[in-house]
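A, B and C label the chains in the order they appear, each numbered from 1.
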């Protein structure tokens, strides 16, 4: 039965990837300096169209043209935060999906408050690691070690449900198993390989991919989110077959994402309800 | 006859690449965050010496030392624009060539005006895709979809001639065929592979390479520009022979650019007058 | 005898790398835009935990949590300098090791003064190329050509000793041979391959690796610094075996750093007293 469920999810994930390839959604990315290259290349390889525009001078003209907005607070500073807030406000007002990656949410009071302020602007999806989601659910400093997850994602499921309920967002927690919840249902995605954590910005990149998937079907954000996580993980698994370390894995992952076919997605995706 | 013309251009392109390798021109790059890595690596692989210095506190001391200036407005913001304008003014005053990449020129009123203001500071070369060049020639908002080209480059030839005549710059339009014009003559370069558009910042990188080529021969900017576009395209074609997707193509393209020899350039370059 | 000395250093270097892998020190990186990707990936591949947080709003909360701080002035601007100074002050006050990469120190008066101001905040280690170290020791503008070294590192040994004595820092000069001095002793590391200079930000990346090594043993900064330089060089030598140019070398270097075993380090490291 689980096998049938997984194939159904595989078919769904393939539909999302096919839609991204055919529609080439335009994704405005306001993301950290470390991840810009990998994020743009991930979106391009998946068939989406990335646009790294962040200035408050531009968002009023530009955000109305995009299909989704992606905000990532990685290298946050006080002169980028208003840009993020303005773009998020515009997206919400225009009913465009927007996705938040609360990198290292618990690293400082300033960052935690920034993330909570952004969450009040109604993101469609929030994706983080266990530590980040726990920090946001607790909403108190201190709680985490840097940008890495020091909790397992299973610990964070309750925090994710709580955050989903309080924010109205779909919440995803990355880990050995990725969990996605709307506050009520939970699904688990079991794709990916551990070495992906040794490549900087893979988390940032998959959150951008979530934005692209959600852009094609904003009313099913939970399904789109789980599908994006699983598809990125399948690309990582295929990439790992020939990788000799984290840098070649990064190359092969992007190549694989670009080349994924229906069989690889349908047979590779491992999503089930929990 | 076309064959003879192509070989003549091939020999010219080889001379430019050889000059870059032997002179190692110092190129000041004020470019967007997404492209910095690929831009620096492209310049290094070609034999040039990149310097990513942008602060207005530094350009008065530094720009006089460089052989060319490269300005790219990709991740534009109001605190970077004065830095671009100051460096462009210095370069113009010092008679140093400078090259503009007007990324997503039509994405917002702010960006379009910024590009037009920079063009009034007399760039030696402007390189963009069809949408960007059309937006600049029209000088009205709105006109484009994000950073990608939604026009074919052939559509943009008239816009390019018009922009070249009004600005005094050599104008290049990238596409399936790259066109280069000084407002009077037009040449077409037919190198490169479609998958290069699936790698972020290849456009930014080739514009930096134009700056390096022009640095070695500022009085023949049109020839240097066409040569840089073709040489980068040849590196892409060679890279494509072993690429399995966009990420490995990026690696192989840079490796190929570094390793290009006389035979590969002379036999590979496909430039003709139009 | 030199052979015995080299093996002793090899064993020491292996101990440092093993400590980084087991302790996973958290390294706060305030570095330039060009190098962020390679720097983070270098630290991850070595087993450390990078955190690219720079805002003065965050350092008071975050710097107390880190094991070392890395500051690199590559794409310096006047709004980043106070962030660097605040983090350096915090690190010094908290007795945490911090490492400075004075990229292009001599490129402008502003940059030279910024580097000298940072040095007054007592870095544990300073690593630069010959031109940079000479510029800092001379403390006068002008002295260098851009970001590349126009002096051989042997020329810079006297400058390094002088800078080490005046600053109290361990000073490393990269070149065909890397020299490390505390102002009294000098060691030379002879690892690496010339093509590493054709990859942008390898210098920045190895300085970050120094921070990770020093984090595990702050009271022996000279040994940790020489070991980091040699280990990175060994990874480059192994990467070069299969590289076809600078871009594949970059990939293989990071893969090799991740995969280095005891035999490769002990037999590969070439450090001797001078």
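Please note the rule applied: a contact is a pair of C-beta atoms (placed from the backbone, for glycine too) under 8 Å apart; a residue touches a chain by one contact, two chains touch by 3 or more.
To keep track of the chains, here are their UniProt names: A, B, C = Hydroxyethylthiazole kinase.
In this text, all values refer to a predicted model and were calculated from it rather than measured experimentally.
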item	value
Copies chain B (Hydroxyethylthiazole kinase) and chain A (Hydroxyethylthiazole kinase) - interface residue numbers shared by over half, same or different	different
Between chain A (Hydroxyethylthiazole kinase) and its twin chain C (Hydroxyethylthiazole kinase), rotation from the CA superposition, multiple of 5 degrees	120
Where chain A (Hydroxyethylthiazole kinase) and chain B (Hydroxyethylthiazole kinase) are represented by their mean Cα positions, the distance between them in whole Å	33
Chain A (Hydroxyethylthiazole kinase): positions in contact with at least two other chains	33, 37, 79, 250-251
List of chain B (Hydroxyethylthiazole kinase) residues in touch with chain C (Hydroxyethylthiazole kinase) within their complex	26, 33, 36-37, 40-41, 44-45, 49-55, 57-58, 60-62, 65-66, 79, 83, 250-259
Footprint of chain A (Hydroxyethylthiazole kinase) on chain B (Hydroxyethylthiazole kinase) - complex, ascending	32-34, 37-38, 74-79, 104, 107-111, 141-142, 145-148, 197-201, 243-248, 250-251
